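One structure, pasted below without further comment.
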Amino acid sequence: MSYTELKRAAYEANMELDRRKLVVYNFGNVSEIDRAKGVIAIKPSGVPYAELTPDDMVIVDLDNTVVEGKLKPSSDTRTHTYLYRHFASIGGVTHTHSTFATAWAQTQRPIPCFGTTHADFVYGDIPCTALITDAQIARDYEEETGVQITDCFAGRSPDDAPMVIVAGHGPFTWGKDAAKAVYNAVILEEVAHMAYLTQTLRPDIRSLKQTIIDKHFLRKHGKNAYYGQAQ
Amino acid sequence: MSYTELKRAAYEANMELDRRKLVVYNFGNVSEIDRAKGVIAIKPSGVPYAELTPDDMVIVDLDNTVVEGKLKPSSDTRTHTYLYRHFASIGGVTHTHSTFATAWAQTQRPIPCFGTTHADFVYGDIPCTALITDAQIARDYEEETGVQITDCFAGRSPDDAPMVIVAGHGPFTWGKDAAKAVYNAVILEEVAHMAYLTQTLRPDIRSLKQTIIDKHFLRKHGKNAYYGQAQ
Amino acid sequence: MSYTELKRAAYEANMELDRRKLVVYNFGNVSEIDRAKGVIAIKPSGVPYAELTPDDMVIVDLDNTVVEGKLKPSSDTRTHTYLYRHFASIGGVTHTHSTFATAWAQTQRPIPCFGTTHADFVYGDIPCTALITDAQIARDYEEETGVQITDCFAGRSPDDAPMVIVAGHGPFTWGKDAAKAVYNAVILEEVAHMAYLTQTLRPDIRSLKQTIIDKHFLRKHGKNAYYGQAQ
Amino acid sequence: MSYTELKRAAYEANMELDRRKLVVYNFGNVSEIDRAKGVIAIKPSGVPYAELTPDDMVIVDLDNTVVEGKLKPSSDTRTHTYLYRHFASIGGVTHTHSTFATAWAQTQRPIPCFGTTHADFVYGDIPCTALITDAQIARDYEEETGVQITDCFAGRSPDDAPMVIVAGHGPFTWGKDAAKAVYNAVILEEVAHMAYLTQTLRPDIRSLKQTIIDKHFLRKHGKNAYYGQAQ
């Protein structure tokens, strides 16, 4: 894939974030990786969506060096590259401050699996990281956001939960490419909305039993999946 | 009715689901039955609304055999056919994951009749099924979803409540045809929204008294109805 | 004013109800009165907004006799005429099932005056009627809805609160003409939304003190008003 | 800057308020100041947005005398001029009754800093004024609204929190010009929405720890900022 194609994919995914109303103003950013070349294309920092062009995307390598581009890359770039270095299976990353997912992040608690809409996409709860420590803040803040996330996935595959909420901050999602990462950001916001309503309507509700979670997640994922046209 | 007409009716109803914002991406599905021919037209599995055409609708008989169509029918097809086999009066079925109705389903509780908006359409509460059992999950999951629903209507006519919420899952609605089933899905979402607000605003509120429920439901349904132009 | 003009005014106000998203499908109705002729123009029963024309409006006198029109008038007509007969100052009436106002009606409690947005339009709380009695249901249901409202305004001018919520049912609003009645329906829905949020965020909150309510309502209403261009 | 340019800037910012859905009908007003000339351009009182033109903006000096314009200035003008006289660094002021910010104002409590979305724009909580006293109401009400605000900022810079909620009333925001004041009104509404959800989801949640607030606010503001293209 050429840089032009990679920038086009990242650009389209960033614009989709805006169309899906997951961001206000210039909030949020999406990247896509070319694993063969070891570079990502990511949104520049602080540019409004209405003014973005594919050529504004910045090509950055996994050591956070700008390889091509006139603009500064997103201030969250080091979180993206950290995730690509540690989650080998992912091809795209999205960060938003979408309203319901961020509200859950602000409660500093994971989103329990209350229903099959959730279980169709995430196997178990949507994890919430620990709050960033003062030592982490004093180091490289954006890279440490990545550490918060990988710490939270110790013993859990990023394919089983293509999303996380960072405590006191907001969501990150991923997927096989940038478009799928944005798709998962939309799903997360909808699941977070439903979970908000469920929890406030019935505060004593608990997660679904495991047998239903197994059935729904495995109906769509893995070798026994039977949903959709593609199997 | 020809297959072409049946597919057109199912297609239009599926698109209306999208226009009414009851679904995200390819969630949700609507079917319509031709009782004389013993077949239904239903949305294919996993196809986005923007790409759907009338010809994509799949014709399936009540034993779940595809009669006509190039695509796999919705993974929920066996729930639809089960409902058509057991509810003789219905001509269309809709399944969505609409936000407020799904949140109520996730609380695993029926929606009480708090007001006349509800009573105009449903006689009594909107029933919530029991949670699916492990034995049911081990059998035919989608058909057992139908069993959950009919179990929940033991002693109650599907005409008195053209809708149900499946515990931990989401809503199904029905009507004389696919268009009316979608209409009822819109009504359910609005009633679920109002009931959410009512319940969270005043947690000790109880259902309306029976005399008001009788007046409103019977003003619009049955032999003494006097609402609208058609009586 | 000719019947044609009266029907046009009622038609425009009904369509505005739809544009302001206060109704789903054919819910809701607006009327306007010609006091000199002693007739009102009102929406026909059960016709979708997309199909309405000015000529569909029905002219009805204050004894509920249709004077002109091919269609049946709204099933709520007798509530409208009852209000016109008892509230001499009003020229238009609106009934909706708008979401937040209806949720408050379903709690069967008045909406307290929590802020100046409310106090700019309503002097004191937004009243909630008593629940309709079984005796009233057994009489003329729609006319008795009017009785519920006037009972609730005993000792209070309909100009001080151009709106009411009918317990377990929904809102009615009024004004000098149909357009102003719809305006007040929009204001009610916004005030009901804010009051919902306020109450759920801080359940122990009480109404504003009277001195603020006096200041805001009287700044916009009555002989010492100084808001807007018209004084 | 000529009066024409100043009126154009105020006009565009007022229209943006409407486009961003922060107001219903003619609610809300924005002004911009020309410090050299000692005048502001502000929206006229009670004119709907759809009818506004740049030329309708009213030029008023800091003693509240109309310098140019055919219409009465906003009834909130004296609050605006009071803020310009006391907050030397601000160039634009916005007042709205946006739904979530107003709901917080109605609770008469500040909005705690629950997350980094908030900390990116406001250093600490979003302050809530004391309730207006009866003595203040008896004086110049609109000017006293300004006093409520400056009392609330005793010992705090208006640059650290470019926004406030007036108890029982609603929000005011400011910035280097009218456009930035509207930008901050949009941010406030989004932050107030997230804080509402967070608080109702987890009532025992407290503000973020100071180290995170420091990191996020100072990453975007002051001499060590590194966010965006402009540093």
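Order of writing sets the chain letters: A, B, C and D. Residues in each chain are counted from 1.
The working rule: a residue touches a chain if its C-beta (ideal position, glycine included) is under 8 Å from a C-beta of that chain, and two chains touch if they have at least 3 such contacts.
Since the model is a prediction, treat every value here as computed from it, not as a measurement.
**Q** Listed by label, which chains are in contact with subunit B and with subunit C?
**A** Chains touching both subunit B and subunit C: none.
**Q** For the identical-sequence pair subunit C and subunit D, what's the CA-based rotation angle in degrees, nearest 5?
**A** 90
**Q** Average the CA atoms of each chain to get its centre, and name the chain whose centre is farthest from that of subunit A.
**A** Computed centres place C farthest from subunit A.
**Q** Could you put a whole-Å number on the gap between the CA centroids of subunit A and subunit B?
**A** Chain centres of subunit A and subunit B, defined by C-alpha means, are spaced 33 Å apart.
**Q** Using mean CA coordinates as chain centres, what's the gap between subunit B and subunit D in Å?
**A** Roughly 46 Å, centre to centre.
**Q** Going by the touch rule set out above, which residues of subunit B reach two or more other chains?
**A** Within subunit B, residues 200 contact more than one other chain.
**Q** Chain pairs that touch, all of them, please.
**A** Pairs flagged as touching, ordered by label: A-B, A-D, B-C, C-D.
**Q** Which residues, counting only subunit D, touch subunit A once they are in their complex?
**A** 114-117, 183, 186-187, 190, 193-195, 197-198, 200-202, 205, 208-209, 211-212, 215, 219, 226-230
**Q** Which part of subunit B faces subunit A closely enough to touch in the complex?
**A** 24-25, 27, 44-47, 71-72, 75, 97, 99-100, 102-109, 131-132, 134, 137, 141, 168-170, 196, 199-200
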